[in-house]
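Both of the next two complexes hold chain A, though its partner changes from chain B to chain C.
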Partner chain A sequence: MNDSPLGKQWGRTLRRMGWYTLRRSVALFVTVVIGVYLTILIANMGGHVDEIRLAQIREQVGARMMADEQLQTLPSEVIRDLMEREVQLESRRLGLDRPFIVRSFLYLRNALTLNLGRAEHVTSDTGSRQVRLIILERLPATLILFAPAQLLVFLVSIFGALFLSRRYGSVLDRAVIALTPTSTAPAWFYGIFLILIFASVLRVLPFGGMVRTPPPEQTLPYVLSVLRHMVLPLGSMFIGGIFISLYYWRTFFLIHASEDYVEMARAKGLSPGQIERRYILRPTLPTIVTSFALSVITLWMGSIILEIVFNWPGLGRLLFEAIGLFDTPVIVASVVIYAYLLALTVFLLDIIYALLDPRVRAGHQGA
Partner chain B sequence: MAENGRLRLKDLYLHYRSQKGPVQAVDGVSLHLERGRAVAVLGESGCGKSSLARAILRLLPRNVEYFGGEVWLDGRNVMELSEEKFRREVRWVRIALVAQAAMNALNPVVRVGKQVAEALRVHRQMTGKQVRRRVRDVFRQLEVPEDFIDSYPFELSGGMRQRAVIAMALAAGPRIVILDEPTSALDLLTQANIMNALKRIKEEQGTSFIFITHDVGTSSELADEVAVMYAGQVVEVGRADRFFPDPLHPYSRKLMASVPRLHGGGGLEFIPGQPPSLVDPPEGCRFMPRCQFSFEKCREAPPLFHTDDGRGVRCWLYEQGCEAGLAAQREPTAAVEPMDDTPPPEDA
Partner chain C sequence: MRNLRTGLKELRHYPSAIVGLAFIATLVALALYAVIALPLDDAIRLWRAGEGIWEDTPRNASPVLLNWWPGNNHAETIVVRCSDEAATRSMERLSDDFAIIDISLPLEFTYDGFPDDVRVFLEADYEERRPHAALAWKTPDGREIELEERTLGERATYVVSGDRRLAERLGTEAHIGLFRQPDIEDDVPLKGRYELSVEGILFEPEGDVRVRLVSYGRVHGLAGTDHRRRDLTVALLWGAPVALAFGILAALGSTLTTLVIAAVGVWFGRWVDAVIQRLTELNAILPVLPLLVLIGTLYSRSIWVMLGVVIALGVFSLGIKVYRAMLLPVRNAPYIEAARAYGAGNFRIVFRYLIPRVIPVIVPQLVTLIPSYVFLEATLALLGLGDPLLPTWGKVLQDAFQQGALYKGYYYWVLGPALLLMFTGLGFAMVGFALDRIFNPRLREL
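Take a look at the complex of A and B:
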């Protein structure tokens, strides 16, 4: 294995991969920049949000002046002047005096350097306006719920699908196919039913939230309380996602089980387990890994409606609140982090592909 | 149990389920194969040749309607073995398969040598060194450069891939190898090379071959015996040196006449009509609707008639022996009256 031609081949492979990696990272970075810039334009409504903000400033300043009794004695022209000065000052502080197009690039630079700035309306539970702190506060809540849910659906569907593909046409297989259309309804839809059954009728599980109020002070009761609150949202995500996922992977494995090399492996007298591992799972691993990685990054966004239905303090609800309040910094921050995560995932996938599939490693086209 | 590589199929059936009804892909096939011999199974596409290969190795698809019969291997009916026992004791160690479309028969993400070695590790419990030596040996036998042991399948040309698949089949030293259209996708030179390698292996190692093909030309290279399949049945079986110059069954004669020849002149012949549907095959003789010699008796299914020189033919013309049947086909109108609902005979 270690004779020189093969070594040379590896050297060449490494060099090509290095060059490829460089090109890929540049391309991905450009994609992130474009994505984030578009988000900035959209979140600011192409600069229209400035007018809304200016009006808000004017209103705030006016209200402040009306409240100031000393000012009421001054002539109205002076008050108007004063007001105008205040508004100018405030808008300069926020940078609104410069044209939007210039500021959009400043926003872009800040976003890309993860200088996330301050929120305009949303605050963290500790009262901070730092977008970074707000997001960091919400992130664990989302991860703790969605990571187990995604993992559960993924693993159950992969292994369940292998099981079903071995029993093609069995009663169980038909049952799963028949249940697949249930996945057209979103998870929160099932969530509402689960809440009705388990929270309002049976009264065994909480309606929503992440932890009992007031939160238990010791760790163990706290964890148990969180777990109890997780059951229903997790269950509804599982019900909402499992059948379509099972169906998809089952069909995927069935298609790959009829490849010529699988037939050949059967003729070779390999055991069903060996065939499944080496001839079905191994060649399809790149696809499985991709699907898993893409489902992992959707974690970041959480799920807006599900979090609202279950009153779960996660990122999805944060984004919803921020959009409702025109809180541009929070929206942009959510998107820029998502964009970075997505780019990083795609980048890692490229490398994993090359490790898993010799055809990719060789830069082979087609096949 | 002695591994002498004798294979006898008796009334082998393999029917598939389909929307329109059962597909009678293999319908009562009986065949004999002696050690170190090669039998060519000839027939058009869709006559059940590949299904026969799968039936012998019990490689059944998911939609099997009926599978039965006897497969006697070295004096034992292997149809009675459990799936697990059959897998361990028959597949690859005794009977190996080179599948049709062998271009995709290799796992794309595993090195070629490793795939060839896999069968050895699973079945023969060899050590790493022995495995490596054996892989080198079979590669050499098929004239595959040894460098390719560490290559991936996509790095090999079509011909080399095909050789690697054959090497894989030979690696565990099976007595019987089923070749399902092994050279159909290759160019003539590569075909000839591979056929020569197979011939050498047959002579040197006494491996028996079941050579499934629609290519009459290449089959004559390797075959000691010929079995012609039509609509899931064997319609003619016999020694190759008798068959090729003088086939008996009207279908075999048409099949041979459709092979282009350099000398001898005359246009190519074709067989009128379509191959019959295996879902609803014609009653009686299955070739009757396309046969120019058919007569009243053909409405009954003919048995396999045995001729004096040890050949078998499933045609009523041979009820009175070989000579009568051949004579009838030379002068169709003199011996039998063509039936009304058949197309008029063409000039042969």
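Take a look at the complex of A and C:
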């Protein structure tokens, strides 16, 4: 098989794809590192991260000394002095006395490995104070809500736009254009209205939360309850994003449909469906994927506030709780985790882009 | 630039743009009115709601607009002071340091609904011996209900709804019982002239007593009031200039810097361009909102700091890629070659020849960006990171959310700021989209 020309070509394409993936992942990793480092610099501008570390050390030392019964017999001044010394020693051991440049790289390593220390107030549902555990616990909730929402908006807008571009000038088309300005308002804004209508006035859907309390014990009712709670947040993301992307893609397809080779295909007598698939959708796929990546990034940011409005127990809600409790480790960790999420999104879409764009596959770097 | 002016003139032919412009004009008028009618310091002081500022306003009252609906006649707030003309006041001095003071405050009640609460604020002047006062309530049908007797301090407040014994005597909540028609099952208020009489006994020659009666309404002001009795009009009014300033400054700041950087990259090319491109990619994965949260929590929540950070994070936005694509073909245009031939320097070319070429394309984008920044401010406020002093629409929304306004049915609390935000968003977006069609000829054909 490898000797056949086709096999050889496949092998070459695979190698090229692998090379591309490697290069992109290295580039993105470097970007993430720089991004996280910037976050740390900003966070530590007033020595805040240092304070977190110091407080942590103090707590540990204090706990250790409380446990020591022999120490309890000593006078309190002696204990305090002893504790001070212990804290000093410990912070020397952890490198807190080193210059900031060195320290910042220590923090960077910790942040990159999600070794984010302990939260000051927030706890995970299992009772842990480990920031990493808290964040990992919240991540699925966020993904459950936002992955479907993003896909839904994306697919509906692409196929809806194709439909509209076919009926360009119709009442429906005009209606979508007229509704486009409504998309300047973010999803949470429509969330408020949806809550008002469906939860406050009609009382048919829940105000917020992810599952009803107490949570159902069987799987099926549990899933149904989650789905019921998802309707409003999903709906508000849909309303907030759909019109602008419909408008954008419709215009994009219309402009594209006036290209010469599309005219040519039409002159050949191909059916509209064939023209759409082969001559409009196929060549524009890389562009579509790229702008999908951008919309995903904005949706990630919108998700934070949407979770707060709908009381959805995800990352955004965690960030909100952390603000309320002034829990710096959790806030820093949230920034880091969002940087990771964004980079991961970009990375995945880069790979899809490479699969779709013949120029990348053929190893031809575009203009 | 002439291009720009003719383009703006063309806006007339787009109905949506005219509607949008009308919205913007209304907002600007509102903002100007706010700034002129209510100086910033006053607005901040009112919004901080220090002690004694919002004594005469009801808690969580709906907007007065509700009463404009036919058939609606909810109680409004009535304040009667003993210095009012309708109030009577007589003092009978029995001896040098012993006097009886009679104050009667009339209350004309014409509403179909009960008030939210009734309070009597009493102030007394005395040196050592505190005056004594007895309060009584006279209904239009001639009944007299004794309320309370007490020795007065410098300031005292009698809260009718908090008077348990009175409630027991009346058989219903006290502030409802006072206005209730007797002898019928349902709670129906009796309309007419009520009277609060205060009989005070003074034990000093210089002593005096002042009384203020407040019957709190269920509706108050154009926008209603919140849980701290603040009139929401203050925040809704002042939200307009803040939102406009934040939106416009942020949009201008980030768009212009982005444009300049894109132009510099295109003109100098090579490593400058490469660095700018990499920075843009780095910027794309920086999580803007969490970073803003970080800065807001750790450093400052001032709206101007936030504005600076928003602009700084917007400098290397993805717009650079778009502008770059537009500027690349311009770079080799003959007129630029001509400029170089006469000896124009690099920066002259960037600022005088490159950037002006793309300004018309930027304008629609700039206009559409404004509302997204207005909403960003609201988003930050909703996160609890609103400006500590300024009253803004976002902060009203945040209060409403925190107090469960939607759950408790205080819809006005959410609707007021939300509609204003919507209004702003639509106004700028409609104008922006129309401009987009004017300046992007490829769109115009569609």
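In this section, the second predicted complex is superposed on the first by the 221 of 367 C-alpha atoms of A that agree within 3 Å, B and C clash if a C-alpha of one lies under 4 Å from a C-alpha of the other, contacts with A are read in each partner's own complex, and residues count from 1 in each chain.
Methods note: contacts are C-beta pairs under 8 Å (C-beta built on N, C-alpha and C of every residue); 3 or more make two chains touch, one makes a residue touch a chain.
Remember, it's a predicted structure, so these values are computed and weren't measured experimentally.
Check the residue A:I351 against both partner chains and state whether it touches chain B (first), chain C (second), both, or neither.
neither
Looking at the overlay, does A:V296 come into contact with chain B only (first), chain C only (second), both, or neither?
A:V296: touches no partner chain.
Name the contact category of A:Q274: first (chain B only), second (chain C only), both, or neither.
Only chain B; A:Q274 stays clear of chain C.
Can A:W188 be said to touch chain B (first), chain C (second), both, or neither?
Second partner only.
First (chain B), second (chain C), both or neither: which does A:A265 touch?
first
According to the contact criterion defined above, which of chain B and chain C contacts more residues of chain A?
Partner with more touched residues of chain A: C.
Would you check which partner chain A:Y168 touches, where first means chain B only, second means chain C only, and both and neither mean what they say?
Touch status of A:Y168: both partners.
Taking the superposition as given, does A:R282 touch the first partner, chain B, the second, chain C, both, or neither?
Only chain B is touched by A:R282; chain C is not.
Report, in rising order, the residues of chain A that make contact with chain B in one complex and with chain C in the other.
After superposing on chain A, chain A residues 168 contact both chain B and chain C.
Flag every residue of chain B that touches chain A in the complex, lowest number first.
It comes out as residues 57, 59, 62, 87-88, 90-93, 96-97, 99, 101-110, 118-119, 122-123, 150, 152, 154-155, 165, 168.
Within the complex, which stretch of chain A touches chain B?
1, 6, 168-169, 259-261, 263-271, 274, 278-279, 282-283, 356-359, 362, 364, 367
Could you pull out which chain A residues touch chain C in their complex?
27-28, 31-32, 34-35, 38-39, 42-43, 45-46, 48, 168, 178, 180-186, 188-189, 192-193, 195-196, 199-200, 207, 251, 254-255, 294, 297, 300-301, 304-305, 308-309, 319-320, 323-324, 326, 328, 331-332, 334-335, 338-339, 341-343, 346
Which part of chain C faces chain A closely enough to touch in the complex?
Touching chain A: residues 16, 20, 281-282, 284-291, 293-299, 318, 368, 371-372, 375, 378-379, 382-385, 397, 401, 406-407, 409, 411, 414-415, 418, 421-422, 425-426, 428-430, 432-433, 442-443, 446 of chain C.
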